[in-house]
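What follows is one structure encoded as structure tokens, with my remarks underneath.
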Amino acid sequence: MSNKAMDPWFAFGLGVGSKNAQGAWLEVFFPAPQIGGDLPSSHVAAEHDALAKLLGYSGGNQVIEVTAEQLKTLPLAAKTYQPFVDSSRPVVAVFLASDVAPESVPEAYLKLHLLSHRLVQPHGQNLTGIFKVLPNVAWTNLGAIDPAELPAAQLKARLSGAPLTVRMVDKFPQMIDYVVPSGIRIADGARVRLGAYVGSGTTVMQEGFINFNAGTEGPNMIEGRVSSSVWVGAGSDLGGGCSTMGILSGGNSTPISIGKNCLLGANSGLGIPLGDDCTVESGLYLTAASKVRLVARDGSDGRTVKARELAGRSGLLFRRNSLNGALECLPIKGSIELNADLHDHN
Amino acid sequence: MSNKAMDPWFAFGLGVGSKNAQGAWLEVFFPAPQIGGDLPSSHVAAEHDALAKLLGYSGGNQVIEVTAEQLKTLPLAAKTYQPFVDSSRPVVAVFLASDVAPESVPEAYLKLHLLSHRLVQPHGQNLTGIFKVLPNVAWTNLGAIDPAELPAAQLKARLSGAPLTVRMVDKFPQMIDYVVPSGIRIADGARVRLGAYVGSGTTVMQEGFINFNAGTEGPNMIEGRVSSSVWVGAGSDLGGGCSTMGILSGGNSTPISIGKNCLLGANSGLGIPLGDDCTVESGLYLTAASKVRLVARDGSDGRTVKARELAGRSGLLFRRNSLNGALECLPIKGSIELNADLHDHN
Amino acid sequence: MSNKAMDPWFAFGLGVGSKNAQGAWLEVFFPAPQIGGDLPSSHVAAEHDALAKLLGYSGGNQVIEVTAEQLKTLPLAAKTYQPFVDSSRPVVAVFLASDVAPESVPEAYLKLHLLSHRLVQPHGQNLTGIFKVLPNVAWTNLGAIDPAELPAAQLKARLSGAPLTVRMVDKFPQMIDYVVPSGIRIADGARVRLGAYVGSGTTVMQEGFINFNAGTEGPNMIEGRVSSSVWVGAGSDLGGGCSTMGILSGGNSTPISIGKNCLLGANSGLGIPLGDDCTVESGLYLTAASKVRLVARDGSDGRTVKARELAGRSGLLFRRNSLNGALECLPIKGSIELNADLHDHN
């Protein structure tokens, strides 16, 4: 065994998870995932080193299942992991020396945890092919179940009168079943996937949504949909039912980002990145190809441009003229203020 | 002890709730909250009086925790509360002589119950500062948990194989975990907060939503969002995904109300109060500042006004002219009829 | 007993369900519902015949509760139903010789199962009056509860510290609590009702929704609302928050269907049937009465028609001209391609 733990590494974690009847991983929970880098803290590096030695980690990216015998010696290796000693469920350690595409369920789950623990920002790591790696899972009140094994479990539960409720069937679980980062509110757990980055001071209302590899800087009021790859800057407000175009579904290849102190009105939509202090009027869908009439501060009309030409610009108001139907862009001063009552008491 | 129970009082309730490890209240469930007034029913007044004497209530607004010794004598005091005798959870009585801003978790929860039990209408009581009073709570299959205590609970549950599922992390719980008022359907419990007033005959579909201190008179079909402070009159239909601007998030200070037999079309939006028999076309967002062209019955165009000038008027149709993009307002006759099949069998 | 089982029949199923305190059915789960027809498979016909004999089925449409004595002989009658022998819950057999309006809870639930098991397509059977037949039910972590019995159950659970969570109060349960058909993902179980037909390869995202007697051919990406009676053809994509008008709520009497490889943009809406390869621009609501300007490939404007005149046509793009507000329809070539990553790994 080389002394790889002394080298720079990307991430590691000790997790407990679920397997199907064939012994394949369904999901893994990492209570304290760790990020490395050239200069990890001495505390984290020591834990990494201790675990590496105990489990025979030999460098590179490795997924190592932990035996009952090894579990007993865990506390000696790293006090953080003391509760694992009595685990009745499968335990696994994931060592990632480098940030390459995930090749296994434990690796993929560790990377999703890194996002939701705010250790890596969206687009901050390699998630290539994660859809292929993640199995589809039935998430139930009895834990994760392989969909192929679900019908038998459902019938058994029904006949015995012990209900089996199925909350969702998906590759991505609900974030708050795995981690609730500090200073947030999420009014419906189903609306935020593990792998979302939810910044401190963020409130996600019932109509809000945050996909994996997307997120908010915080504080933010999120009542609309933060699609995959979208980033929302501090102080911005996504109104009820508003849409942001994601890379996966929207066909566009440049991730949408929203700057600071922007407002997307209720039922609006956004297909271009915004700078700071921008407003999109309620009910207006701004696609990248929309032709927009520029209106000066004195009310005079200027030239017409495609919305994508305004990408990333600050201080703009987008609205539809309610008398002639034209999509207009005006300069605005100042910025919206989020309602203090909604954000101060998370 | 003065005989305050004989005086007019605002409300009282006996509740059972949850506390965190430090003994701070997280939430309280009141199975039979009571409203007072100058002339409460003799039955309710008698219960109030009996509880007041038992618990040493000395007048004013008081939150009194009930001891195990006191619990044993409860049935003698008020038969309604007999099941509390064997409570294994903390029990609390809240006496509100007057309607002032809530200062504790039990007071705030009692007031939210008053709304959802239809004892007080939205805006009918003082909720000032309720965001500050309510703690943020993780709502799980094991009950309410302080977010600070959640990580340890999650790890313990995982290692033991007894899943802990977190449904939401928020200050406001789901109404139907506390009360299901008569004659309603709610297709997704996550979409209606405790403190919503849901009138008899109301159906809230999956895409519907009702915030606290907002509600419906009933019967109503709610497939859109009833924001905080919004009131919807009898027979009105909120189409799928429609938006109503609330006081908290919309910036406007006058609560939106919708009269009787109105229709907000799917994906529409509303920023002004409506009278009776109004229709907002699907997909149209009507903000208070929208300029609207008035169209007479003979099709001739009239003057142009801001939408807010039409606030509260009855019998209006709002639409966007699909050939010239102008927002138009027309007089309409009659009123929509809600589908009988959807409302008759709650 | 006539030998009715030899005759053509519509459907049958053996189910296990819940009753209220008065012994009325609340709901029934059918693990393996069967469809008949003139030439049912010999295997299915044999099961049907064996059950019919065991339970004394005498022809026509019958709902027969199964006694404990009869349960013991079930395995001999049909191996599929062996697990029922030890049922601690009420068991019922439903024999439907013909497809008439359902008159009981078990019949109605069997028909909803037929849809979600993909044995009958939407509009493929008689569901007349199903709203009247289905009782309103509180769906909890302890199973189905009659709303009239809920308050006592809630108080008891609270006092004992064993939480009772209420997920919804509705006539239609969540599909995935009853069946998860193959090859699908559903990101929030609350959004798909039992009675939805969810084709293989369908992903229903958090903002998607599928009502009963509606569905998707698969593969499909569903991030919008498939209203009652709506059918979505293979390869079509419903963008986030988009709306389709259903028969129940929309007032129109012709069900909306969407052909193959169509795209409804985010926050758009549809009030007419579409052929194949059509696109409705994000944010545009196309009602049947909308006047649409036809635009030729060379950009010239043609005549103006009502949208309903374009019902069922293929290869059309609907958009709102962002400079003059006119609703336009243009011919388009080719068809959208759904993102392979999202659909290949269900």
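A, B and C are the chain letters, set down in written order, and residue numbers restart from 1 in every chain.
Definition applied: contacts are C-beta pairs under 8 Å (C-beta built on N, C-alpha and C of every residue); 3 or more make two chains touch, one makes a residue touch a chain.
Every value quoted in this text rests on a predicted model; they were computed, and no experiment measured them.
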Type of chain A:chain B copy interface by residue overlap (half), same or different
different
What's the rotation angle, in degrees and to the nearest 5, for a C-alpha fit of chain A onto chain C?
120
I'd like to verify one number: the distance from the centre of chain A to the centre of chain B, where each centre is the average of its C-alpha atoms, in whole angstrom.
31
Which chain C residues touch at least two other chains?
141, 167, 190, 241, 267, 283-284, 320-321, 324-326
In their complex, what parts of chain C are in touch with chain B?
131-132, 134, 136, 138, 141, 147, 150-151, 154-156, 158-161, 163-172, 190-191, 193, 209, 225, 227, 241-243, 245, 248-250, 267-269, 271, 283-285, 287, 290-293, 304, 320-321, 324-327
Chain B residues touching chain C in their complex are 16, 29, 31, 83-84, 86-89, 141-143, 167, 174, 176-180, 182, 184-190, 206-207, 221, 223, 237, 239-241, 265-267, 281-284, 320-326, 339, 341-342, 344-346
